[in-house]
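Common to both upcoming complexes is chain A, partnered first by chain B, then by chain C.
Our next item is the complex of A and B:
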């Protein structure tokens, strides 16, 4: 495996789109349930956890870009083999592949479950999976240009949902936030850790970086994306804490979606139906981009034909999502994925960076 | 077999007859003249008879001495004369309206072009009508169309290339663009695609369009076909490439973005704010036309909760007698509208008006009275049909009407999820399209905020100094923006 990639002009995209790529990947199934998870950890001080978590996200984004800038045009798979040797590089690469596969599966499963709970109790799982996977295959067949395009387009098709939150805001009770600083530092930190779970997806940067056209301007869009994500999570959590009573929030699994329930227009009585259906457009870029990463990694690691691996991924995801049936299973899977993701995405890059620094110093010492 | 002159007179006449498959239309006339034999050939209805008799035959017979080929070319008061040796070349010229003069014994035949063109005069545009602005439309004649284009685009920068397509029945195709603006790659793509065609014949511009489009599996047109000279010339002067085909009243322009299909030149003739508003109206109408009926079907089949309770009562009342599920009801009515549209297009105009009344009013009213459909659905269907007719491009309008059917069925099967699935598919589908290799969804994706000026909004002409990026014109700017806003003629009080 070559460390650096050769990218054709047709496949590359402007750094500007990184904002949408990173942001849409962070926002996905996770945002639907984040308020409750954070509330369980840090109670009314959950917003502090988010700020702490957001800061850490920025730190990791900074580290990732630092790592990638050490190389000319490499992704994490190439960097790993270069740093840790072929064997460990492949093992770590496989770890990434397994992790991405798991996260893809959880995203799909979680969304299907939401649809079943909110709109269609009897819609078959295989049908929903087929919907998502067929769109995924269709988009990826168009190449990276279309993949990035879906992130971009679907961001604008769904971002307006944020503005409907004004209604719950008017019903907020500030008293729910008092007293401030109740939670202990450990609770806040574990809240921050929980927050990072639900915004997994920054790792995409490690894979798409070689395809960015103007690499000089990578910092700004990535940090803006992370900031926007943090802001959205903060907004949703704060409004949920203010809107729901503490007891209610602990019982509401998808608090974000439940917020939509009181929104109504003169033509539309129950907005949550539309919001949940439209959430498919939030989930789709996730599905598409993660599968693209899978396809790309398999191609990089094992030289598997891209089209074949894409169909393979589609079939595999389809059957695994049918077989995984119970809520408890999905929950366990989500937890496991989140833990793996936490170490792989939020801890591991720091080590890679340290290793890079050590190697640099060692080489410098030797050359003296 | 290529037969060439010189031949004997008898051989020449025989060979010519053979070339024309013994057609009775080929007129052959012999003149005995000062010990010379002249043989004149022409096709009966292809030649201007008065010119032939007065200028050609008159001069020929009144000459003082014997004719030679040089004399024929120089002394006859007709502008276009050519000499030709091969019979295979003479017969196409005769078909196009030439008269051949053969002097026995000479090695060449002289051809005079006296074509008699039976053509329609320039008329008002029928399919793409404008309220105000230039009213003429192209005709079937390439010569007339080129004449109009040269008149509108009065510049020597205009390049016109001639291409011939069709293996069996040949058509003349003209590639039109501005040399200083049009991107070489775009021109080359268009030229290449046309000259690479291996087909028997090209019936019409829209047929040529389908043959050279980037993707033929999609319902969306990727090149604009227009019959309006002002629209054509406007696009050319923006740096696009245009194509004309002889015998077709429509022209082809590319590269085009999806949003260009919702532009009309009328937007330019109105004030910018009106123009922008109308453009938005059309885009909104397209969205409405796609979504409205499926939404009704989805809401009534699965999601009653969405409908406000006050509306739900009247809806329930009007649907109480309807025996079908909403999908069938909606499909039935959509079909009715499509039938009406198709019948209206096929029928002679005089009957067409009665059709509208019979179909629209009588059928609609009766359908509701008979309990076939609900009143509200009639409103919705009429609204979405109306909305789909706002698209200035007829092909785009039809595309929108067609994609509505699968979405209605999806909505009937899986409610809102089906609709969102269909819309997502549509979005990805549009993302994948290209027009002459340029992205179809530009300037939305690839995102170019400044290009919104010329496609989605319409700003004042003074501010619109940039040519759209996705056309990749050689000269990106129309004028210097700094200078354009100054008005230094009047001191305002």
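Our next item is the complex of A and C:
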């Protein structure tokens, strides 16, 4: 495996689009349940956790860009083999592949679960899975530019959902936040950690970086994307804490979607139906991007034909999503994936950067 | 071309996979009433909309008995040719006898089912809901369910009763230190109307609150704005300001009608002691009507009226708090406010047992800003 990639002009895209790529990948199935997860950890001070978590996200984004800038045109798979040698590089690469596969599976499964609970209890899993997977395959066959395009498009098609939150805001009870600073620092930190679980997806930067056209301008869109994500998580969490009673929030599985339940217009009595259907557009960029990463990594690691691996991934995801039936199993899988993701995305880059620094220092020392 | 025809085929085939609901074959439940029927049994009355082009009657009322609320729908399905669906239920009425046993178990199914809107209204009734739903006095609304729903919706919008949607009720049950309230429906000459409020101890119905105390409760709950309220003042309290030329009109009782433009209530526990509460109320209002000829131009006239109103409001609020203490309920949320300042110093049981010992001091500041176009 070559460390640096050769990218044709037709495959590359402008740094500006990184905003949509990173942001849409961070916002996905996780946002539906994040208020409750944070509330379980830090109670009414969950918003502090989000601010702390958001800061850490910015730090990791900065580290990732630092690492990538050490090389000319490499992704994380190349950097690993260069740093740790071929064997460890491949093992870590495989870890990434397994992790991306699992997260892809959980995203699809969680969305299907929501559709079954909210709209169509009778709809078979295989049908929904087939819809999502066929769209995913269709988009990826169009190449990376189409993949990035879907992120761009679906961002604008769904971002207006944010404005519908005004209605729950009118029912908020500020008393639910008082008194502030009741949670202990450990609770705040574990809340911050839970927050990072829900916004996994920044790792895309490590894979997509070689395809960016103007690498000089990577910082701004990435940090903007992270800031937007943090703001959205903060918004839904603050509104949920104000709107639901503490007990209710602990019991409500998808608090964000439940907020939509009270929105109604004269033409659309039940807006939650629209919101859940629209959520497919939030989930789709996730599915497409993750499977693109999967396909790209398999190609880089084992030189597997891209089209073949894509069909393979589709079939594998299809069958594994049918096999998972119980909500409990889905939850367990989501938990495991989130834990793996936390170490791989939010801890591992720091080590890579340290290793890079050490090697640099060592080389400098030797050349003197 | 091939691609487009494929897409069209897929669109048609894929949408065919979703289960269909024809509106003519559905019975759309708009409101549900629950009555207690014997030991452990429930009687449900469903007001159902049907869009059958062949009949002119678009709604019907179905009653059935079962052990659970979902069971009622199941049983009722045997009584009609339409498939009953509950996505449009916007009002649930509970008989007071049923509410006395607690509503928590109903709330569980209502909040578990994603099909049920969180914006549905809840109410209780002191007559069996079967009678309430059986009334044919629905004014211009297509059926009694819609009439009741409009009645409550209008009253909530005009702030004559507190918010009574499902999500707020459930929140008030589960929040620490506050008890929920629901509108209390009743029948007058075969026509349903809002009689007052039902006070709750957690999810258990504790007793009615008369219609004239609703304003005072909403004032303390700080959830009202732009409402009207009436007070009767002491007959001769404003004697000094009567207009000279009209002596004989000033016989009889003195009533005032006021418009509450804005109000601010703050509740404080004196010396960190939960049982010693001080409530500060500031009202900015507008005089709508006064039953005696009073010369409002005279210096001090407005001040005197304000003072009388404050005095009267204070006795009314004290009466309300006495009533709440008697029932052992706290819809004002004294416990909640206390908890916001001193977290974890008051347990749920302590709060409940301390309610009858509450000692509430009122400090009312009334500002009469305007009095219409005549002096």
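Going forward, the second predicted complex is superposed on the first by the 368 of 368 C-alpha atoms of A that agree within 3 Å, B and C clash if a C-alpha of one lies under 4 Å from a C-alpha of the other, contacts with A are read in each partner's own complex, and residues count from 1 in each chain.
Please note the rule applied: a contact is a pair of C-beta atoms (placed from the backbone, for glycine too) under 8 Å apart; a residue touches a chain by one contact, two chains touch by 3 or more.
Predicted, not measured: the structure shown is a model, and the values here were computed from it.
Undergrad: Once the shared chain is lined up, is A:182 touching chain B (first), chain C (second), both, or neither of them?
TA: Second partner only, chain C.
Undergrad: Of the two partner chains, chain B (first) and chain C (second), which one does A:40 touch, if any: first, second, both, or neither?
TA: In the superposed model, A:40 contacts neither chain B nor chain C.
Undergrad: State whether chain B or chain C is in contact with more residues of chain A in the superposed arrangement.
TA: Here the partner covering more residues of chain A is B.
Undergrad: Touching A:127, do we find chain B (first), chain C (second), both, or neither?
TA: In the superposed model, A:127 contacts both chain B and chain C.
Undergrad: Which partner chains sit in contact with A:253 here, chain B, chain C, both or neither? Use first/second/both/neither.
TA: neither
Undergrad: Which partner does A:270 contact after superposing on A: first (chain B), second (chain C), both, neither?
TA: So A:270 meets both chain B and chain C here.
Undergrad: Which partner does A:278 contact after superposing on A: first (chain B), second (chain C), both, neither?
TA: The first partner, chain B, only.
Undergrad: Going by the contact rule set out at the top, does A:159 touch chain B (first), chain C (second), both, or neither?
TA: neither
Undergrad: Residue overlap on chain A between the chain B contact set and the chain C contact set?
TA: Comparing the two interfaces on chain A, one with chain B and one with chain C, the shared residues are 120, 123, 127, 131, 264, 269-270.
Undergrad: Can you tell me which positions in chain B touch chain A when the two form their complex?
TA: Where chain B meets chain A, its residues are 302-303, 305-309, 311, 414-417, 419-421, 423-425, 427-429, 431-432, 441, 444-447.
Undergrad: For chain A, which residues are in contact with chain B within the complex?
TA: 14, 16-17, 115, 119-120, 123, 127-128, 131, 135, 138-139, 142, 145-146, 149-150, 152-154, 157, 264, 266-270, 273-274, 277-278, 280-281, 284
Undergrad: Spell out the part of chain C that touches chain A in their complex, as residue ranges.
TA: Interface residues on the chain C side: 14, 17-19, 87-88, 111, 114, 117-119, 165, 167-168, 170-176, 336-337, 340-341, 343.
Undergrad: Tell me, which parts of chain A touch chain C in their complex?
TA: Residues of chain A touching chain C: 117-118, 120, 122-123, 127, 131, 171, 173, 175-176, 178-179, 182, 243-248, 258, 261-262, 264, 269-270, 272.
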